[in-house]
Structure formats: C-alpha cells, structure tokens
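Notes follow the structure.
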Amino acid sequence: MSLAANLRTRLARAPASIIIMASLLGAFVLMALFAPLLAPFDPARQSLIQRLRPPGHTTAQGLTYLMGTDDLGRDLLSRVIHGARASMLVAVASVSVSLLIGSALGMLAGWRRGWIEVAIMRFVDIMLSIPAILLAVLAVAVVGPGFQTLILVLGLTRWPRYARVAYAQTLQVATLPYMRAAELAGAGGPRLLLRHILPNIAGPLLVVATAEFGLMILFEASLSFLGLGIQPPTPSWGTILSAGRQYLERAWWLTAFPGACLFLLVLSVNVLGDWLRDHLDPRSRPRG
Amino acid sequence: MLRYLLSRLLQAALTTFGVMTIVFFVMRLSGDPVLLLVPEGATREHIETVRRELGFVQPIWRQYLTFLGGLLNLELGVSVVQRVPAWDILASRIPYTLALAGAALLVAVGFGIPAGIAMAIWRGRWFERPIAALVVTGQSMPTFLSGILMIMLFAVTLRWLPSSGVDGPASVVMPAIALGMLSMSTFARMARIAVVDELSKDYVRAGLARGLPLGKVVTRHVLRNAAIPVVTIAALETGNLLAGAIIVETVFAWPGIGQLAIQAIQSRDFLVVQAIVLFVSLVYVAVNLAADLLYAGIDPRIRLGKP
Amino acid sequence: MSGAVLDVRDAAVHFRSRGGFLRKAGAPLKAVDGVSLAIAPGETLGLVGESGCGKSTLANAILGLVPLTAGHIKVAGRLVDSADRDSLGTIRSDAQMVFQDPALSLNPRLSIGAAIGEPLLVRGLARGSALRDRVALLLKAVGLEPDHASRFPHAFSGGQRQRIVIARALALQPKLVICDEPVSALDVSVRAQILNLLVDLQRERGMSYLFVSHDLSVVRHIADRVAVMYLGRIVETASMSVLFGKPRHPYTQALLAAAPEPDPVRQRAKPRRVLDGELPSPTNLPPGCAFSTRCPLASDLCRSERPRLSAHPDGASVACHHAEE
Amino acid sequence: AQPYRDSITIDLPNDAATLDPHLQWDTDSYAIYRNIFDNLVTRDVSGKIVPQIAESWRQVDDTTLSFKIRSGVRFHDGSPLTSEDVAYSIRRIIDPALRSPQLSQFDQIASAEATDATTVVMKTKAPYPALMAQLVKLSIVPKAVVERIGAQAFNLQPVGSGPYKLRAWQRGVGVTLDAVPDYWRGRPPFDTASFRVVPDVATRIADLQTGRADIVRQLGPDEAVRIKSDAKLQVLAAPTERIGYMFINAVSGPTQDVRVRRAIAHAIDRKTLIEALLQGYGKEVDVVLTPANFGYIEGIGGNAFDPARAKALLREANAVNAQLSFLTSPAYDRRLVEALQQMLQEVGFKVDIQTMDHPTFLRRRQGRPDEAGSISLGRWSCACQDADGVIFPLFRSGSIWAKYANADFDKQVDAARATLDEAMRLTHYRRAFEILRDEVPGLGLYQDFAIYGARREIRWQPTANEAFFLFDMRWQP
Amino acid sequence: MTAPVLDIDRLRLEIGAAAVVDGLSLSVGQGEIVALVGESGCGKSLSALAVLRLLPDAVRLAGGRILLEGKDLATRDMSSMAAIRGRDASIIFQEPTASLDPLMPVGDQIAEALTAHRSVSAREAMLRAREMLVSIGISDPDRRLAQYPFELSGGMCQRIMIAIALICGPRLLIADEPTTALDVTIQAQILHLIRQLVAERGTAVLLITHDMGVVADIADRVVVMYAGRVAETATAEELFRAPRHPYTALLLASIPRAGIKPKSRLATIEGTVPPPSSHGSGCRFASRCPLAEDRCRIESPPLVDHAPGHQAACWRSGQVATLGAAA
C-alpha cells in the first residue's frame, strides 16, 4: 500500500469534521477557479450612489446586493468571490516557494553540518534580521509593483522560517539510529533527506506552512500600503478587509464577510494540515 | 564548548556585517530621502544642494566605506530627518519595544503552549475543539482588524482599558494580546504536533508503566523531548515580536521600534533604519544562538559544531 | 591476513565524555581499545563478551558509523577509516549490519518493504515489480509474510522487527555481515530458521559473519572462531572447538559456566556461581588486567601489569598471566 | 468665557520630526512648534497677512523691506526678543550650512540686517511678490540660545517666544507644552497642551470617543461622517489652500496628444466625486488653484464633465483603449484613485493603477517623463497662498514636477513672479490658466478641506493655511 | 493454595476485527515464576501490556478478566491505574533503549519510579537508585546515574529498566525478555536477583522469554502460547521432559544443543504463524503440524489436563512423544 493509497483509505474513514473541512476548502478552490461564473456582478463595477448599502439591498432597477456594497458601491459578494482568487494564489504561491526553499536548505544544513551549515544558517539569520518591509520597498522601487514582485518578496522573506524549523528538526532526527541504518543501506543525500528526514520532520513544517498560509493572505493586505499588494481594482480578501476596517461601525459587512471567509479558509487549511500530519504518521491509527 | 562559542560569535559578527551591508545597499537603491525633506515646490537646484550637503552624491562605494568606518567606531550617525543621533532615536524606543514584546511573548507562550499540550493530550476529544477554534481565530484574524475591534470593545464601549498610548501597565494589555495572538497560535500548534509526536513513543508507555500519571509523564518527559520545534519557533517569534510589531504599534499608538522602522523606511531615514536593523539583527542573532545552544542543552545527542 | 574480508588492526574508539557548559570534559571512555581481529572469506567469527564491553561500538566502527580513534580497519581490502563517501558506499555494499536495536533502527515512517528494498533500490539493483519480488523473497526467508511489506515498523512485535532488520542486511548479499545480537529476540524455532538461513548463505555464497551474541549455544553452533571481549579489549580468541573445549581465560570460563542449559534438571543441578567483585569503570580502567577485579585467580601481577595476547599452539591467543593454570 | 478645563490633548498622526522651526517642515512638527515660536508675520482668520513680531513693515524698494520689530516680547528664558534675533533667524534659515529643507522658500532673500533696536532691513535678490506669504512661516529663534547650545541641542530644547513652552518631548510618544502665563498677546487658553502620536485614524477617533483626546488632526470625509453621529463630538473643517488635482503627462505616452488629455478632463465627474466620496468636504474648482490663493481666477471655464465629448475626442485622436498608467502611492485616497480609474475606463481608456511607496512615487513622478506615468493625483499646498507657489513648480518647464513645456505659459508665470504689482500679476495668471485649460497638463479637481474632530466644547475656527494655533482655541461649556 | 497474584482469564485483544490474543488464561501465584514462551509475534508482549492497561491505541481489550490480587484491572478506569503501575505491578520492556526517555539521565528515571509512589526526598531516591544499580551489577554507578540512554550499551539500558521495575518492590513483576541483551554472567546475576526477590518478598513473576535455558533455570511453570492462544502449560521439568503439544515439542527440538554438529541444519517448524485475520475454527497450529488430521483443521482443541498442572490443547497429544524422538 503506497502512502497515497494509504491516505486515500484513511480519508474514506475520516471523521465528519474532516470531510466538512475538506469540502469547505474544495468550495473555496472552486470559488477561486470559477469566480467569473459565480460572481453576480463585475467586481470592479462601481456605482458611487450605491455606496455602503447593507446586505440584501435591492436597487430601484431590481439588482440585489446579497452582501451589500463597498465604499465605491461595488457588489461585495462579487468582490469576495473574485478576491478568493488573488488571495489563495498569493498564499499558495508564496507558501510553496518558501516551503520549498526553506525546508531544502534547512535540512541540508542540519544534515551536512560543517561549513554548509554555517553558510546556510547564517544566511538565514541575515534574512531574518532584515525587515521584510525593507526588501518589499526595494523590490517595488527596483522591479515595480505587481503580483510577481509580491510573490518574490513573500517567498524571499518567509523561507528562513521554514529553514530554521527544518534545521532544528533535522539536527535531532539525524542522530537517530535509523538514519545510520539508511546510510548503511547506501542511501545518498537526496534520498536520506527526502525519504528519511523529511517525513520525520514534516509535522512542524506543516504547522508552519499552514500557519503561514493564512498569514500570507493577511500580509498581502499589509504590504498593499506599500503598493506591493494586488493592484486595484482586482480584489483580494486582504485589501477588502483593510479597506473595510475604516467602516467597522458604519458598514460591518465589509469586514464580516471577507473575515468569515478568511477564517473558514484558514480553519480548513489548519484542520486538514493537522489531520494530514497525524495520518502521515503510521503510528497514529484512528482510534477504535 | 568555548571554541564553539567563539566561532559562533565570529559568525554573529559576520552575520551582522552581512545584514548591515545588505541594508545599506537596499536603502541606497531604493532612493534617498531628499525629495521627502524638501517642500513640494523646491527647485531642482535646491534639491541638488541638499543632496550634496547630505552626502548622497558621493559614489556609493565611498558612502559605504564611510558607513563601515562609522560602524567600526560604533558610530551610527545623525538622522538627516530628525537631526538627532540615530542611536538616541532608537534608544528611546527600545524600552517600549521590550515591554510590548515581553508582554506579547507572555501571552503567546503562557497561553499557546498549555493550549498546544492540552490539544495534544485531548486529541480527538471534544475539549480539543474550543481550544482549536481559539487558536485558529488567532491565526486568521488580521491584526489591523483585531486591534481596532478590541479598542472598540474594551476602550470605547466598556471603558476598561485606555484606547491608545503608553500610560501604565493597562496600556500594554491590548497591544500585547493583539500581537501575541498570532504567535500564540503558532506556539499552540507547534506544541501540539511536537507533543503528539512524542506521545506515540515507547518511553511514554514506559513512563506510564512506572506509575506516573499521564500529566507527569508529559511534564517530566514529553515536554523536553518536544521542546526543539517549540524553541525554534520561540526564537523566530521573538525576532518577529521585536521588529514585526508594525501594525500593532501603529494601531495602538505604541512607540516601539516597529513603528519607528516603518516611519524611517518611508522617510528614507537611512541611518535610523540602519540603527534599527543593527539592533534587531543583534537581538536576532543572540536569540538564535541561544536557541542553537539550547538544542544541545535539550538534547545531549546533538553535539555542538561539527558532528 | 591478506585475503581477509575484515581486517581490524589495533582499532580504538574513545568517546569524549560530556563536559558541562564551558567545563572541561573528563577522561575519555575507551569503548574499544586496541582490538585486532580478522575474518577470512566464508568464516564466522563469534564475538562474545560482557554487556557494554564495546561489541556494538566495534561493529559500528567497522562500517564507518563511528570514527576510529586509532588503528585501521579494512573491509574487503579497502580502508574504512580514511574512506571518502564514495568508497564508504562501496564498502557498505560489501559489508552490512544487523543492528542490535531494531525498534530504533527502522524509520517509523517507512514501510518495511521500502526499508528492506532500500539497499537494492538505491544501488539500482532492482526496481518496480522486480524489487517487490526480491523483498517478498527476503521476507519469506526470514519467516515473515510477503504482504507484511506495506506495514510500518510499529505494527510488528520485537522479534518480527529483528527479522526485518536481518532481511535488510541480507538484501545486498554482502561479503560480510555484522550481526549484532541478530537472534536474541527470536523464539527458538524462528531462531533456528534464521541460523539455517545464515549457514545456507554462507555455504552458497561464501559470506562471512561477525556474529555478536550473548547466547553461547548459538555461537557454538554457528561460529568457526570465537573472540571474547572484556571492557574494550579482546581477552581470548580461539577456534570454536578449542574455546568451548578448553577455555583458557578465566572470564571465558566464567561465561561458559554461567550459560544456562535448556534442561531444567541439569540446569538446576549445576552449582550456581555468580561472579563477585566490581566491574571497573570503562573510563578508569585498572592499570593491570581489566578482569582482575572479578577474577578468582587474580594476583598482584594481574593488578599491576596488563597481560598481552599470547598465542598458543592450538591457535588460541589469550591475554592472561595465568592462562595455563 | 472662563475655560472650564485647563488642559487640552491633541492626537497627531505623527511625532514631530524636529522642534527646531528652521529645520523640518512636515505638518505635524509644524502643528507643535508653531505654538512655541512666534512668527515674523501671520495671517488672520480671513487669510490676510497681519503683524506678529513685526509690528509693521514697509517696502523700501522692489527688493528691500524694512520691518519694525515689536518690543517687550520675551523669550521663554526671559531674555527680550530683539531685532538682532529676527535678523539672525532670517540669516540662519538661508545659511546653506544649516541645510534647512525650507531653504527654497526663503532663498530669494539676500540679506537681513538689524539696523537698530527695533528695525530689520531685508533685501531680496530680485523683486519677489510671494515674499510676505513666505515670511508667514518664519519663526523667530533666540540668537543667544542657539549660538550657545548649538543646533542639535536646540532641536531638543527649543526656546521660543510663543504662547507655549516645551515641557517634555518623549520621542514617538508625544510632546507636552506649558502655557507661558505672561505671553505678550495675553494668557494662553490652556495651562498645558499634550500632543500625542497616534498614527491610526481609527484609533484617533477612539481616543476622541473615550476622551483620551480632545481634538484630533487629519481625518477623512468618512470619518467626519462618523464623528458627526456622536453627540459629544463635532467636526471642525475648513477649506484650505490645498488643491486636489490630477497630473497628466504631456510629454510622454498616449497623453502627449492634447485631445487625449482633454478627453481625460471631460471624463471626470468632479461633482459626484466630491459629493459621494468627499462627502462634501471639498469644493469643485476648474483650475489647478484654490480660491484661498492669490491668483485664483473665477470663471476660466474648465473642461466640464462630458463623457460623450470625451469619447469623441478619443476616437478623433485614434486613442480608444489607450493604456494609461496611473501612478499612485498610499498617500492618496485609494477610493479616489479607483473612482477615477472607473470614470476613465468608462469613456474608453484602459487604466493601470501602479501603487508604490511614497518616496518611490515621488522619485518617479519627479523624474524622467517616460517614468512618471500617464496620470497621477496630487494634493498641493505651497503654504504661501499664492499661485506662484502652485502652478510655477507644477507646470513651468524645467521644474521637476512639470512634464509639460509651453513657452507662452513660462513667460506668463515668469512675469507674474517678477513684479510686485498685483493687478499685473492677476492678468498674467489669467492668461496662464487659460493656457492650462486648453492644454490640460493637469486638472484641478477640488479644493481640499482640513478636517478635525473635536469635543463639542471646543471653540476653534480652522483656517485655510492649515495652521494649528492653540492660542486661537477655547473651551466653552 | 492462596489466590494467585495475577489471574488472567480468557483475555481477548483485538486489532481491527481480528483477535491477536484469543482466550488467554494464566495465573501466577505468590512467589511463583511463570514463563510465557511462544512464537515471536504470538501476542506475548501485548498480553503483558494488557495487564497494565498500556495497550497501543490500535489494540483493543475486547474481553476477559485481569485479576491482580483479586481486583479486576480490565474494567478499571485509566486514572486509577497509575497508582497500581510500578507499585503493585511493574514491567520490564522488551526494547530497553526505546523505553527510556532519551533526554533524561537514567538515574533520574530510576528515582522517578520511586518518587511516583513513595514520599521520599530526591536525594534519598537517588541513593536508592544507586543501590539498585549496584545490586544488578553495574559498575561505577555514580557515573552511570548521570548518563543518558544513548551513552549506554543495550545491556546497560536493559539493566536500568530492571532497576526501574524493581525499585518499588512490586507484588507482580512482568519481565518481557529481561535478559536477552545481557551476557550470561550478568544474566545469571539478574536471574539470581529475581530469584532472591521471589524468595524474600514472594513476588510473582511473569517472565516472557525465548531463552529455553532461562526457562529451564528459573521458571516454576511454563505457559506456551501459539497464535494468541495457550497451547500448553506445565511445570518446567514436566514440559521439557514430556511436552504434550506438538508445537512445544518442535520448539524444544529446534534448540541448538551441545550434541548437534556445528553449522548443521537445525530443526525448524515449517511455515509461519497464520495472521490473526485468517484464523479458522480449527487448531491454529494445524497448518504446520506434522500430526494434523482432519479434525484438527475443523475443531479447535480445548485445554485438557494431562497431569496435575499439565494441560495441553491438542487432539493428538498422545502422539506428541513420537515427534520428539523423530527430531
């Protein structure tokens, strides 16, 4: 039984909460993929006389804004649906870039030790010490704003976190007898790292990755004040939220809906991540 | 041991040097502050005069050498924007930053780690749920939102806490919670995973077999074994709390380094940025060195330096 | 010995003792100290000795898993102690090891099929269904079911894990297998099966074994020659029949006397003799013979001067001042 | 009326950069230090230039002004303010060695001499009509103190002659001022004034609601609406000399074509912008100048909102779907940017918003024309209430902001700068604005309002020059 | 005879739907040493774990009673087990290195077992731990107490485990292969220690081992398990002399004895233990049994008394003697 097959059978036996979370995540993914088909309105279409309408507001022409409108009179529902696209793309792209770079370098450092360790880990320290904002500013000044720049900045500034976690875990795992057994079996570097170390350190990495997943969506919003975010009028949850916080008292829906979406997305990613980790561990069979 | 420490100190110096070099060039490449200093209607000649007066027309390598010279003399220079030594500007913020970071760490560790352990021990039972929900909330709530929501609830509506500023310990409560929430989630989940990992090992069963209750097995044995990822995260988060508090400090008008950093970056106050980065990187390197030493302290199998 | 599969010369492994923070480390622990031995192709050398005397450490050193402090080790003519990664790789396809502690030497996240197949896979010797078939054969050979291959280590009993580790070591059909307590966790019928397998392999392929065991009946059954270790040193080597027939070193004698017989009547009739005396600390060995603290024959000479290994006409070498008594 | 509280707390978005009035010049430093120092002259509520330290002044010739200095004014350290201090202050700010960022506002001044105890004679390099307007910003510092303690220390412990003196400056936290009871203009209204640094506007409002702050600066229109709904609070707002305008690149990109620029002008519905987004806190203008400035010409006639005409112009210029890059920074209201983008797209432009941080924005906007983007927003104030300080730097060829060159226009603004005759200047400006109307290198959108939130009991009338004089405020139960 | 210290009655352990241990019954009286032997993987360790209610998550206690001095442990709640473990009943695990906390000096781990049940000071506990090490023949105890498990040899770890198990002087000691990692001189020392314990305190010992020499040396009674069931139980002498179950007989036959030619083929039992999922209704040894007949494959044999205290579950126990002769 391969790992994937193993996982499949486990998924079939997963508790209801996992199924719910998986469908939730699936729904968000579908929402992102088919946003143009799902959104009732053009998310960029403004109507300044229809600013800040509450959810369910129906105009004289009979158009209904299910989630209300934002501060430029755009349909919030359509923006949230389209926002899923940008936000999830940012999260997936930046998390995978930094997870890849970070865990590879971290494992290498923890396993090889010696000067490679010093070089990698001190570089990690350097990257961690430089405020991300600073690099973001430079990137915007030199490369110009845009989605690629955003991913570049997020990927470049976040990988050291993964690297440190991977490094610390690898240090510990590398001392275990089964690593020596694998070495004896003739496993070379890549195999030792991928087959022996990685599965045994995947848990903490997964925790960081799932935590970062939500963070990246929020980060995009925080970076938008430097111009690094998704450029308007393309919506993202982060920018909708940060724009909405000005209207907390007047228009709660501007933060409540995208906030709830974000919460549910992060929840599902976290719960699935933890479940995945638990079930990648062959020792923890479901109870009963 | 001593040799290891010395070599790490040397590495720390190199790291700091690397950081400062990168920051120096990053700042210079992203444009000088002159345009921000002069009034909007300034003429080109005036701008050039100021630029020359401030030394920004020199070739960049010469500026770099000057900067290195200053660094060697522990001179951080005088801010061109505020006309005050950069170190003074930084120093006035450090106490606030330490207070906030400390309080936030207290929130994060004080709640996060017990929550993580509880989730691991009660895995799959119903009490795990509410804790998990809280943890996820911490992770999915943008600080800029949680901050202002807290202000509206605790300051405006309930009048329990001051809405902003730095008057006494009450002032630090909300910023610390807002800042600590995120780290708290990370701590909790990291602790949970690490503890779950350990709980499946044979020595736990052996601990139970000698009559220790599960709680004791966890506190006496599991925690230490699970500590490495948690220590790693703690080191990472400490750095984050120090410098990453930009939004929280802005929302709560907390005069820490984060706020200063963003202002200095935005006004291209090079010397202040450099001073901040120097400080942060020193703290960072120290904290991570401590973490690396702790790894070996926690797990005697991990030998320091070369294997 | 020139054609030897394994040639160990004056090997020593010392462990730095842990110092505290900024504290100087204490005296090193001499786990293996000046050990020389050799194994010819097709030969089995039994290694017995006190628990903690350095058998596993020596085994690890032979495969380059623990650095040597002094001496040289050659496996199939290649020096282990100065080997780079590449030649270590070659050495390890000639020599494999059955680890003493199967629970820890199996990666908990690797199915046992993958673990057993790993040496074959990484050396490009088999893949896909061919690999599966080889793994199935190996599993059968050690008395496990082929369909166990997809299970993970935690789901096996101690003895089953032991067999998995044996299967992994045999996968490459190496010239030399170092067996560190390979059968101690097995029930006697499975043990017999494994011993038969080892003997068969030796007959067919001329494999050599370094066979570490506490079970003297097993050693007697499988070994051609036996080396007895005590506190990091070899105190006696002899051919199997000589050693069991005429043990010369008092420690060897004690060992043979203490070996229980699988017959309650005879066993219980034997006089019970438990060795008295303190085991010396491996960091602080007495200047003379290490066994002198427990030896019934110990004299002042023993306590002051360390006996050297001296050869006897029947091929035995013994390190004892009173070997002839 | 008797003040019913003896202190006031003000929330500012930023800390003072410096308290030396001759150095930094951002609005937050300004809001604080102008209460510590007196200026040579000042403006009254109506915007007229009136005496302060200078009791009176006389134009001796086109380049010479003579000021009579008020006597009896004392600095906070007790020493009397003399004509020597005034002359020193002027010489100090124009001394390149001080590297004052405000230099360009005063660099027309050639010299200043104290000719006797109460007279200061100032010479300009050439006739300079905006001189008095600039001198509104000149604070008087005590020569003796500055020379004794040096610039760096003076920055931290400023000594002025204003109604308040510095008690404490806690960097990043705020500044506390104490009243000077025997201030020459009378007893200041509050015994102490605390300026607090609160960067986030939402927090400033919360401070106002919880009573932590009595008055807060720099609110947006939407916040004003929010404050209005709170019975304990009031909005204090005034139109300022700040002009909200749109820059249109006349040198590079699709907007080189004047028809395209006109199409942009016709596409924009200022009225809706002001009503819907600015909530009325803005006044429509059709030139790049506010009525609060000298040189504002009524009835030039702008390019009115006319989408049909805009579309026609675009077709005519063969520029349908022209790609406009809209450079912006977080300093500009995101909603305004997006609304403008929408309006332009409606008539057939493709508008690509490029946000960058403010320094980068400035660098590109002021740099090479091909990097300056097709359009961008601006909120301009010269703090001198004179057309010269607005359209000269914005559109005069050779100026860093101008991406436009028109010899006739240059001639008009140069001429208006070189004469002191107000009527002449107005005719030049009329002509200049007509050229701008036809050529559209920029487009006036609205006169900006300064919006403050305050407790109901505060009486204060904000002015066009965005000055923040505590002396003019009162508690009134 | 007084009531046994440990009385396991029809214990059933399941993994998923399959029973790994199926109706195991055995008892250990005060001062008695009972050896549990059997095929590796037949469920010995799991049964031992079940007594202390320490089964892994995957394994379920599906039936039977586990009486420890009359109290049924099978139905107790987990929280009250802590007081029993280590004090009334303790266990020595099969894999010592994995069973020690890798990050705690072994001395502390021994002392901890004492402080868990007795109110002694840390110092005192450490002293007792030291005594314990001396009594099981560890040299340089002070140094050893401060060492971590990875610094000790396998046999040393095993002895640490033994020290932990014995330090509270339990009424029942379950020893899961306590001496496999030890050389015979130390083994003799440990067995001596156990014997002493039994003699002095009347401790009941359940000894799981593969070493027939050890069984012969110290066991009073032997329980032979096969595929989750008891195949035979008898006194040690009786069992070695006259096994009544073919599995027992074949097991004894496969021991390499002095008389056998070195490197000759040892007798083995053909085939492997059937997996729990494929247990049919018949005798579980039938597929490997040279004596098996049709009945064996259909009907499960009950445990039948052959002599006082000697029971075997075989339809053809009468023919077993011929097997031993053949081997």
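Per-chain residue numbering starts at 1, and chain names A, B, C, D and E are given in the order in which the chains are listed.
Just so it is clear, contacts are C-beta pairs under 8 Å (C-beta built on N, C-alpha and C of every residue); 3 or more make two chains touch, one makes a residue touch a chain.
Nothing here was measured: the structure is a model prediction, and the numbers come from that model.
A.B. asks: Enumerate, in label order, the chains that touch chain B and chain C alike.
C.D. replies: Looking at chain C and chain B together, the chains touching each of them are A, E.
A.B. asks: How many links in the shortest chain of touching chains run from chain B to chain D?
C.D. replies: Tracing touching chains, the least step count from chain B to chain D comes to 1.
A.B. asks: For chain A versus chain C, what separation do you get between their C-alpha means, in angstrom?
C.D. replies: Result: the chain centres lie 51 Å from each other.
A.B. asks: Roughly how far is chain B from chain E, centre to centre by C-alpha average, rounded to an integer in Å?
C.D. replies: Once rounded, the distance between the two centres reads 54 Å.
A.B. asks: Cα centroid separation between chain A and chain D, in whole Å?
C.D. replies: 43
A.B. asks: What are the residue numbers in chain B that touch two or more other chains?
C.D. replies: Chain B, residues with two or more chain partners: 30-31, 148, 152, 200, 202, 299-301.
A.B. asks: Identify all positions of chain A at which a residue touches two or more other chains, and write them in rising order.
C.D. replies: In chain A, the residues touching two or more other chains are 137, 141, 175, 245, 248-249, 281, 283-284, 287.
A.B. asks: Which positions in chain E touch two or more other chains at once?
C.D. replies: 56, 58, 95, 98, 150
A.B. asks: Within the complex, which stretch of chain D touches chain B?
C.D. replies: 11, 14-15, 17-18, 20, 23-25, 96, 99, 101-105, 107, 151-152, 155-156, 170-174, 196-200, 202-203, 206-207, 209-210, 212, 357-360, 362-363, 366, 380-383, 389-390, 392-393, 398-401
A.B. asks: Could you pull out which chain A residues touch chain C in their complex?
C.D. replies: 1, 6, 176-188, 191, 195-196, 199-200, 280-283
A.B. asks: Any idea which chain B residues touch chain A in the complex?
C.D. replies: My answer: residues 11, 14-16, 18-19, 22-23, 26-27, 29-31, 123-124, 132-133, 135-137, 139-145, 148-149, 152, 182, 185-186, 189-190, 192-194, 196-197, 200, 228-229, 231-233, 235-236, 239, 243-244, 246-247, 261-262, 265, 273, 276-277, 280-281, 284-285, 288, 291, 295, 299, 301-302, 305-307.
A.B. asks: Within their complex, state which residues of chain E touch chain B.
C.D. replies: 49, 52, 54, 56, 79, 82-87, 90-91, 93, 95, 98-104, 112-113, 116-117, 148, 150, 161, 164-165, 168
A.B. asks: Would you pull the chain A residues touching chain D in the complex into a rising list?
C.D. replies: For this pair, the touching residues of chain A are 44, 46, 48-49, 51, 71-73, 137, 140-141, 144-145, 224-229, 231-233, 243, 245-250.
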